[in-house]
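Below: a set of structures, written as structure tokens.
There are two complexes below, and they share subunit A, which is joined by subunit B in the first and by subunit C in the second.
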Partner chain A sequence: MMAKPESQESNEALEHRRVLYLLGEAVEKLVRLRQVLARQRVFVEAGNEKPEYPSVIDPLSKALEKQSQRLAINSARIASFLRRQPLSEEERVALRGILQSVINVVLGFHEALILLPRETVEPQVFRVLRDCFKEEWKPTPVIMTNALTSYEYRIEDVLVNLDIGQGELEEWTRLLRGFTRGGSILAQAFLDRDNPLAWAVLSHEYGHALDPDKGVSKKIVYGDGEVEKEIADGDPKVKWVSEIFADFVAARVFGPASQVPILLLEMSRPSLMKIRDEAPSHPPTTVRLGLVREYLKELNVGTGGFEEVFEMYNFDYARKVSALEEPERSKRKELGEAVGKFLQSHIAAVAAKVGSLKLCPFGNQQLDHARELQKQLQSDLPVSSLRQTPIDRMLAELNSLVESKADRERVYEVLSGFNEVPATSAEILTAGWLYKLGSFEERLKQTFPEAGSKREADVDEYGKYLARTDELLLRSIELTAVHAEIMRG
Partner chain B sequence: MAAAAAPRNDVYFSILSGRVLTALADLAADPSAWNERIQKDLESGVEYCQAIRAYQPAPDVVRVGGQQALRRLATQPDDNLDSPVQRLASDCDEVEDLLRGMLAKSREPRPGELLAAIKFFVKNVGSLGS
Partner chain C sequence: MLLSEIDIARRLVDPDEKKRLIITPIVNAREQFGPSSFDVHLSTDFHQLENLNRPYIPLDEKHSAEWEAKYTKKVVLSADSKEGLYLHPGEFVLGSTLEYFRFPDNLAGRIEGRSSWGRLGLLVHATAGFVDPGYAGALTLELSNVGRLPIELKPGLRLAQVCFFEMSTPSLIPYDKKHGAKYFGSPGVRSSLAHADPEMRKILSPEWKPQ
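Up next is the complex of A and B:
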């Protein structure tokens, strides 16, 4: 048999990884939505008599149960895929569609949660934001919302995304005139309430709050030149710079992990959105990702451990572009080139502005710390602190105490090496991502056991893994806050 | 905002396509694996085809007669399955005919036909609502 060309082999490997990520997203979204509904049911049963709530929860729960069953019915196929056992072309192609259908259904149902009473966010989210933004943090509400309006920070964006008619939008704007600039609000998807790994996206949103009325972005685009406010507000170049500014802020405080949640979310979308405007408000994500990677390189922050996700995203994007019809494909390519060229000439100014902010910067040292903490997560331990003295040195010192019959002062001197410093929130979340990216495949294999195994496929198995990871990270963020407080004396 | 508004997907079509894709994959793995669940899932495929015709505005398409639509789908490269709904009406007719024939046990899928039907549903689960 002839060997496959290298590029084909590499594409097949990338495609396998892509479907693996798709599977991970499908199972995760499904179990997280089930958890949200389970909590809602407890809330309703605990005394809220409004009869309309169960009538929303019950059909959603049943429909989600059917999606779990859909995965269970396909478990032999999924198990073979995970173990790289041969599947017919029919099964291989169908599996991709089945996983996409589960994600589509879950994300669709996520919109309906807006009909239920809203939960409050986990308090740790504020600790993370305060920790990252330091002096730049101004208390800002974080609310839970549906996927469509999540990860927005201004009411105008929420309204635009609701896709209401132009007439209604104008009416809203009129009603809210003079009110909307009252402050920022950070919107988080219901699904991500307990998932600190997704919170990195909020740092991008808060980046927008550090560019009020896009004043910073306008200054970068126009310099000191005077431009009419209305023209500047509608200028797509200002909007592109504001997105890159927020991306760089997120990268500055979270490093490479700042990109991961949004890339995974976009990868789980079935197709690319049609470009409706001549100059859309958002630069293509591949352009943004490329610029953030350059920026991190400039800051000398490594991306090891995250490169696979970045590569996977670019592969997925190229695949979706190639599936577009010709005029759309060319339009996208031309737009990407034009936006990329424009932004390239402005990134130095954006980076300088971000560098001047009083943030808690994420550097290579933080990445090294995160790698240390990742090992603790692998041992199922919280990751709230870092030991200043390496354990092998501590062991040597302790041994020397025994051998030398040291006096009390010397004993205390050695024991002081057990001192631990609290980890930063960005280190904790980066450790969480490194741990998850390195472990989710194995957990999926446990969730979908090999054919002939005594155990049956059970998505709750993956749910337990997610819940434990969430718990360890939430507990760590909480502990680190207490630890920092104690150290402050 | 972190990302431009993402495509919205139709839950109803995704539920139906998840079902029919499972049934088609089961039959591709084992043609004798007929059971009540597979039958119901194939019926979901027929429902899908009927609904999609009602849902989409009459497309400006060149109708491809006979078995050509299925043949074209079967040979379409794997990485181009998420393409926009092209020749939807003819593809839909062909796939529905195949499913009805299988349900009536009057038609055994010819080589490549199951793959073609699978590609039809995968293509649409990736593009509806975008």
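Up next is the complex of A and C:
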């Protein structure tokens, strides 16, 4: 038998990982949506809302149940895949199809959550944003949306579309700028209400709020003098730069984890959207990812632990591009090259502008802290703080205190080695991502036990893992805020 | 055997991970270590049973997430909130420690109030101040005011202290392995799960008759 060429083997390994990520996303989105509905049912049944709502919750729950059953019926196939047991080509295709269809149903259903009572975001969202943006943070509302991606919009734009009078609009604008950054509102997917790991995306959206009217981006593209002139809001070059500006802001405050939620979401979509405009508003994500990686390198921030997701995204993107028909495929390639070339000539200016902002920067030290915290999370502990003194040194010093009958001050001095330093929100969430990326495969195996096992496949098993991770991270964000407050005295 | 501060400290860095006591976060060791105890801070979340919409706590009540949403008032204070939670005379509320604990299987604990707060009439537990070996989680505080003036509470206050007892032998069924360990791993306040006790289920079953 001939050995497989190296590139084929590597592609097969990448494809296995890609389907693994797809499985993780399918199960996660399914259980999170079920959690949203369970929470809504509690809210409604506790008598806080009108009885009409169960008529929406029930059919949605039933439809989700069908998807859970679909995974359960295919659990033997999934279990074999997870354990790298051989699957025929037909089985592999069937598995991919099942996972994609579960995801598609869940993605579509998220839109229907608009029919349910509107919830508010978790208060920790604001702690995270305040922590990351320091002096640049201005209280900005965060609302929940039935869209699956986070976004930022300006309330003025909504008012303009409402066709209200110019005088009234100016008055509103003045009023709104007083209490939100640039009149901005940030929106977060319902699905991610309790999922702090997804909140990293909000740092990108707040990056847009730091570029009101795209004034920063306009200056970068056209220079100071030109900005006085009327530059159309829809100018594609300005829009591309504004996206990169927001990406760099997110990378500056969150490091490599800032990219992960959007990459995973895009990977879960079945295909690439058709390019409708000659110049779309967002640069291709592969281009953005490439520039962010360069930027992180320039900042000397490592990406270890995240490289696989980045590589996987590029693999998935290439796969989706190759599935396109001509001329769409060439159009996409040309667009990517043109946008990439254009942005390359502006990234130095974007990086300089981001560097001038008074943010809480994420550097290698934060990444090291996050790796330490990841170990705590693995041990099922909150990750709100870090101890500075190693255990063996503390033990030696404590033992010496007893032997030497040390005086009070010396005892206090040694005990002070137990003092922990509060972690930043970005460190906590990066630790969460490192933990999740390193553990989700094993948890999927527990969710889909081997054939012949006494346990049956149960997606709720994965739900417990997600809920526990959420719980510890949310609590840690809370604890670190109190810890810092006590230290401030 | 009641542990001294140095022994508490040594248990925090025990080279054997299974015997190690975990307390996190430790904010200010100088303030928190007492001669034979470790001071703990008040956290941000509070639960209180609603009394406006029901006359008593019936045993046969069906506890569920809906039940909790309906009958438990939950308050979360922000770390830097200007206003605190006002505990009025005679009021009872559940709070929790900021600190998350993990007890090894040969160490038990007791949570007690601090004298300064006791003198104001604040109790930190009603009856359940004991912590089993093997327990992990924040400690729930059963806060009540037996004084005559309302007490303002804020996150970060050093309200209570925990003392530690070395067991004569390690427990063979520590709390983490105990059947029906209801509060294990809770990072914050958890309301009563009395209804989950097996004898409660038996008493509440329609077939049950007193002997």
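For this structure, a couple of remarks:
Just so we're on the same page, the second predicted complex is superposed on the first by the 445 of 489 C-alpha atoms of A that agree within 3 Å, B and C clash if a C-alpha of one lies under 4 Å from a C-alpha of the other, contacts with A are read in each partner's own complex, and residues count from 1 in each chain.
The criterion applied here is as follows: contacts are C-beta pairs under 8 Å (C-beta built on N, C-alpha and C of every residue); 3 or more make two chains touch, one makes a residue touch a chain.
Just so we're clear, the structure is a prediction, and the values are computed from it rather than from any experiment.
Aligning the shared subunit A places subunit B and subunit C next to each other free of steric conflict.
Working from the superposition on chain A, the subunit A vertex angle toward subunit B and subunit C, CA centres, sits at 120° in steps of 10. Once the two complexes are overlaid on the shared chain, A:Tyr21 sits clear of subunit B and of subunit C alike. Shared-chain residue A:Trp199: touches no atom of subunit B or subunit C. Once chain A of one complex is fitted onto chain A of the other, the partner contacts of A:Tyr295 are absent, as it touches neither subunit B nor subunit C. Contact with subunit B, but none with subunit C, is seen for A:Arg269 once the two complexes are overlaid on the shared chain. In the overlay built on the shared chain, the residue A:Met487 is in contact with subunit C alone; subunit B does not reach it. Contacts of A:Phe81 after superposition on the shared chain: neither subunit B nor subunit C is touched. In the superposition on chain A, A:Phe306 contacts neither subunit B nor subunit C.
Of the two partner chains, subunit B is the only one touched by A:Ile73; subunit C is not.
For the pair subunit B and subunit C, the least inter-chain C-alpha distance in the overlaid model is 29 Å. Across the two superposed structures, the residue set of subunit A contacted by subunit B and also by subunit C is empty. Every residue of subunit B that touches subunit A in the complex is listed here, in rising order: 1-11, 14-15, 17-19, 21-22, 24-25, 28-29, 37, 78-84, 86, 114-115, 118-119, 121-122, 125-128, 130.
Looking at the complex, you find that subunit A touches subunit C at residues 38, 41-43, 45-48, 123, 127, 376, 380-382, 384-385, 387, 391-392, 394-395, 398-399, 401-402, 411-412, 414-420, 422, 468, 471-472, 475, 478-487.
Residues of subunit A touching subunit B in their complex: 15, 63, 66-67, 70, 73-74, 77, 88-91, 93-98, 100-102, 104-105, 107-109, 148, 151-153, 157, 160-161, 163, 201, 204-205, 208, 246, 262, 265-266, 269-274, 280-282, 285, 319-320, 322-325. Residues of subunit C touching subunit A in their complex: 5-6, 9-10, 12-15, 22, 24-30, 33, 41, 43-45, 65-66, 69-70, 76, 78-80, 98, 100, 102, 136, 155-156, 185, 187-188.
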